[in-house]
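Both complexes below contain chain A, partnered by chain B and then by chain C.
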Partner chain A sequence: MGFSHVDDIQDASGEGRERRCDRGTRGFDVSAIESAGRARVARALRDHEAEIAENWINLQVEQDVLVAGIGEGELRGEADQLVASLRGALADEELPTARLASEHAELRRTLAELSLRRARGGATPAAISLAVLALKDVVLEILRRSTRDATELFEAAVVLNRVLDAGGILAFDQYVATREEIISRQSRQLMELSTPVVRLWRHVLAVPLIGTLDTSRTQVVMESLLQSIKDDEAQVAIIDITGVAAVDTSVAHHLMQTVAAVRLMGADCVISGIRPPIAQTIAQLGVDLSAILTRATLADALAAALRITGDAPLPAGVGGGS
Partner chain B sequence: MTGVRRATGVPILRLGDVLVTGLLEELDDRSATAFLDELTERITAEGAKGVLIDISRLTIIDSFVARTLSELTTTARLLGTRVIVAGMRPPVAITLVELGLRLDGVETALTAERGMAALGWFRTASSQEVGHGDHAG
Partner chain C sequence: MATMPDEPSVRLASRQAPPFAGPPGPVTSRSEHPVRVEEDLMEARHAVRAAALAVDLGLVDQTRVVTAASELVRNAYIHGGGGVLVIEQLSRKGGRGIRLTVSDDGPGIPDLDAALDDGFSTGAGLGHGLGGARRLMHEFDVECPPGGGTTVRVTRWAPG
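Take a look at the complex of A and B:
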């Protein structure tokens, strides 16, 4: 097939034009500039591997894009790995230069790991991208020492730009993805934290709801409430919405669903903490909560709950025994 | 003890004036109907004042079974009998609510024991209190 000249890409400097005809049938356009440039950059990366890695680290220090906490050895390993995988990617003739960073498995992984490591160390996404982009300057400097030919330099610069610009963006993307993951994990934790089911009295449970009620939140509340009802053999569950910022039709609907599920379990439900403005909103919305026992305060709700369970309310300071 | 097991494979026991039964696995439509028929028959034949159906083993309730339970409650009420469905699992309750099946009119109880208490069957009050006290907390 036409792919057999992987080897001669190394000494291809002059003959790019010919190869271009070869490639015409391949569906993407590897221009003559690109293939010559790729060969040149790949050769520079091979011949000056250690120097490039060293200079890259130094440049990063100069540009002040490093964060504390990454050791010298680690940095060196990172640099070697990036240089090596970049060279490997450039030798892969299957992929056009602009897509190397996103589609060459090893280069992609190297960039992702770099981004992840620095993101954990607290680097900004800009700093991570700049660090990747700094490699351009370093390689270009090496190339400039080896040739004075403007065309050759230009070809190499185009290739470097294409591959490392994409690399910088990928590193940025990776940072964002990592952050997204952290955010979603935190919101999950927050959700778990913010829906505690507390035991108020014998057979009486309460869920103080704080924040906003949406479908996923209702789901979590419902699950943990029903499980606690089962575990504690509770007879009454009090849902306290003092901390709920606003009630609209969907929130009301979610509340009714929860109440219905509690009833199916064989327990009663009291909703408390309906502040005057919220009561007004509910009335204005025309939501029918008449099937649900509601009380203004948690204390009233507890009194109502005790009437349901048959436990007489006791004076303060006396325990829950009968 | 004739009639404890019949075509549906669901045992129906009589304790005083209460019929006790439990659904062990999900019923298909036909056996749900058969169960309904049999239970209605037993209610009239034995003059039961209450029926307790324990569903704590069911992990799923489809719309047909839900409707059967609703119908049973209505039928029994016409015959002067209270039906209590006891022991519904939390996931089942959530699913029913999400499907919009609220089992209107059906009385529920947390456990079979609570259901029996609601139907007028008590262990002696003190032993119940002690029992709960031990488990609580």
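Take a look at the complex of A and C:
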């Protein structure tokens, strides 16, 4: 028992043994328990493949909550796939049992797909993990039919625990990772969607700001605005703050920074959409925006911009520049 | 004249008398908002705007109160390492009002007179935050006990 030596491992292939010696991986479970148990579990999975899949499905259906978010047909395909890839993973002599779920490519993929599929169906992460863990009971039950030997069963149970506990956690992790990815993608999208740079006229750009202007938003606005100024050879950039709920000293500070950056690019900046309450508040706050060209509305700002660029405003209904 | 809290404070600063005299009435609603991460600043602003709306403040006053709140919670977040905002809706004879109490356990404000001066800033800001907040509200009161920490309490009343 315990971590004895490599020779105790029963190799299916015979060649894995040397490779393992070379690698000398940490905790490489050169234990007799593990190798014997692994072989036993793998055999059970091979000999009773269909039955194990069937029982696993039944157990999940019995416990109802475990099959949330998945249909009968999908459950069948999923069970077959999980049993097959678990068997394949156990046959991979390269990897220690505890790392099979995370490092065996096929098993990992199967678990990730299982998690994704059920998550999409609305299953909770706990239900997904429990479903994977339920497979332990099923396999152990099958093994108990073939042997009554306590040691043998113990060895198999150790292996099942190692591989499927990790599997359950991986499924949980996958769920969380997927959520995280969706959240961060949405916030990135929101950030970009909410700061579009539009070309208003020849050499005139506008950024309608919605919401607030914090440090990270300022960065996004500034980057896309400066890039657009370069691309469009813009002479005037209008920042419209009609959609900004409140301008405090921090927002004012960020606006001033943006204006300074625009000026460094050789363009002029007009801030428009300063609503009466905001104007009063800024004045009372003591923030001095007098160095910045400001206009009450976007229309006024465009008129001011056209005077700067020297483009005579065209009659209504005539679009574009000359 | 607004009644000031009885507890000793390092500094009391009241900008102006509220439009109507009389003792502050009971607190009709109270909510607490932690200020720990930057997103909390936005939450705090939304909560303050909702409360300002609830006590019938006009659009200009709402903007004033939200802006002042934004300054104070940002101060607590940046200089105080996070804190708590308490929003109280007040009711008294002659009108309703909103009181914001922002407290943090930061190092406190070493020179309050300087901090209230315009253009004074220890950080990267414009240095109008605290003084600006004072001008935007009817009552303004700062406490920096010797042990550290800062509590700023501001009130604005709706014109009856």
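FYI, the second predicted complex is superposed on the first by the 172 of 322 C-alpha atoms of A that agree within 3 Å, B and C clash if a C-alpha of one lies under 4 Å from a C-alpha of the other, contacts with A are read in each partner's own complex, and residues count from 1 in each chain.
Note that in this section a contact is a pair of C-beta atoms (placed from the backbone, for glycine too) under 8 Å apart; a residue touches a chain by one contact, two chains touch by 3 or more.
If you're wondering where the values come from, they're calculated on a predicted model, not measured in any experiment.
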{"item": "More chain A residues in contact - chain B or chain C", "value": "B"}
{"item": "Touching partner for A:Arg188 - first (chain B), second (chain C), both, neither", "value": "neither"}
{"item": "First (chain B), second (chain C), both or neither touched by A:Lys230", "value": "first"}
{"item": "Touched partner set for A:Arg109, first chain B, second chain C, both or neither", "value": "neither"}
{"item": "Contacts of A:Met222 with chain B and chain C, given as first, second, both or neither", "value": "first"}
{"item": "Partner chain in contact with A:Arg120 - chain B first, chain C second, else both or neither", "value": "neither"}
{"item": "Which superposed partner A:Arg145 touches (first chain B, second chain C, both, neither)", "value": "neither"}
{"item": "Touched partner set for A:Arg179, first chain B, second chain C, both or neither", "value": "neither"}
{"item": "Interface residues of chain A shared between complexes with chain B and chain C", "value": "none"}
{"item": "In the complex with chain B, residue positions of chain A that touch it", "value": "199, 202, 219, 222-223, 226-227, 229-230, 232-235, 257-258, 260-267, 321-322"}
{"item": "Chain A-touching residues of chain C, taken from the complex the two chains share", "value": "38, 41-42, 45, 49, 59-60, 62-64, 66-67, 70-71, 74, 118, 124-129, 131-132, 135-136"}
{"item": "Chain A-facing residues of chain B, complex", "value": "85-94, 96-98, 102-103, 108-111, 114-115, 129, 132-133, 135-137"}
{"item": "Partner chain C, residues of chain A touching it in the complex", "value": "212, 214, 245-250, 252-253, 256, 276-278, 280-281, 284-287"}
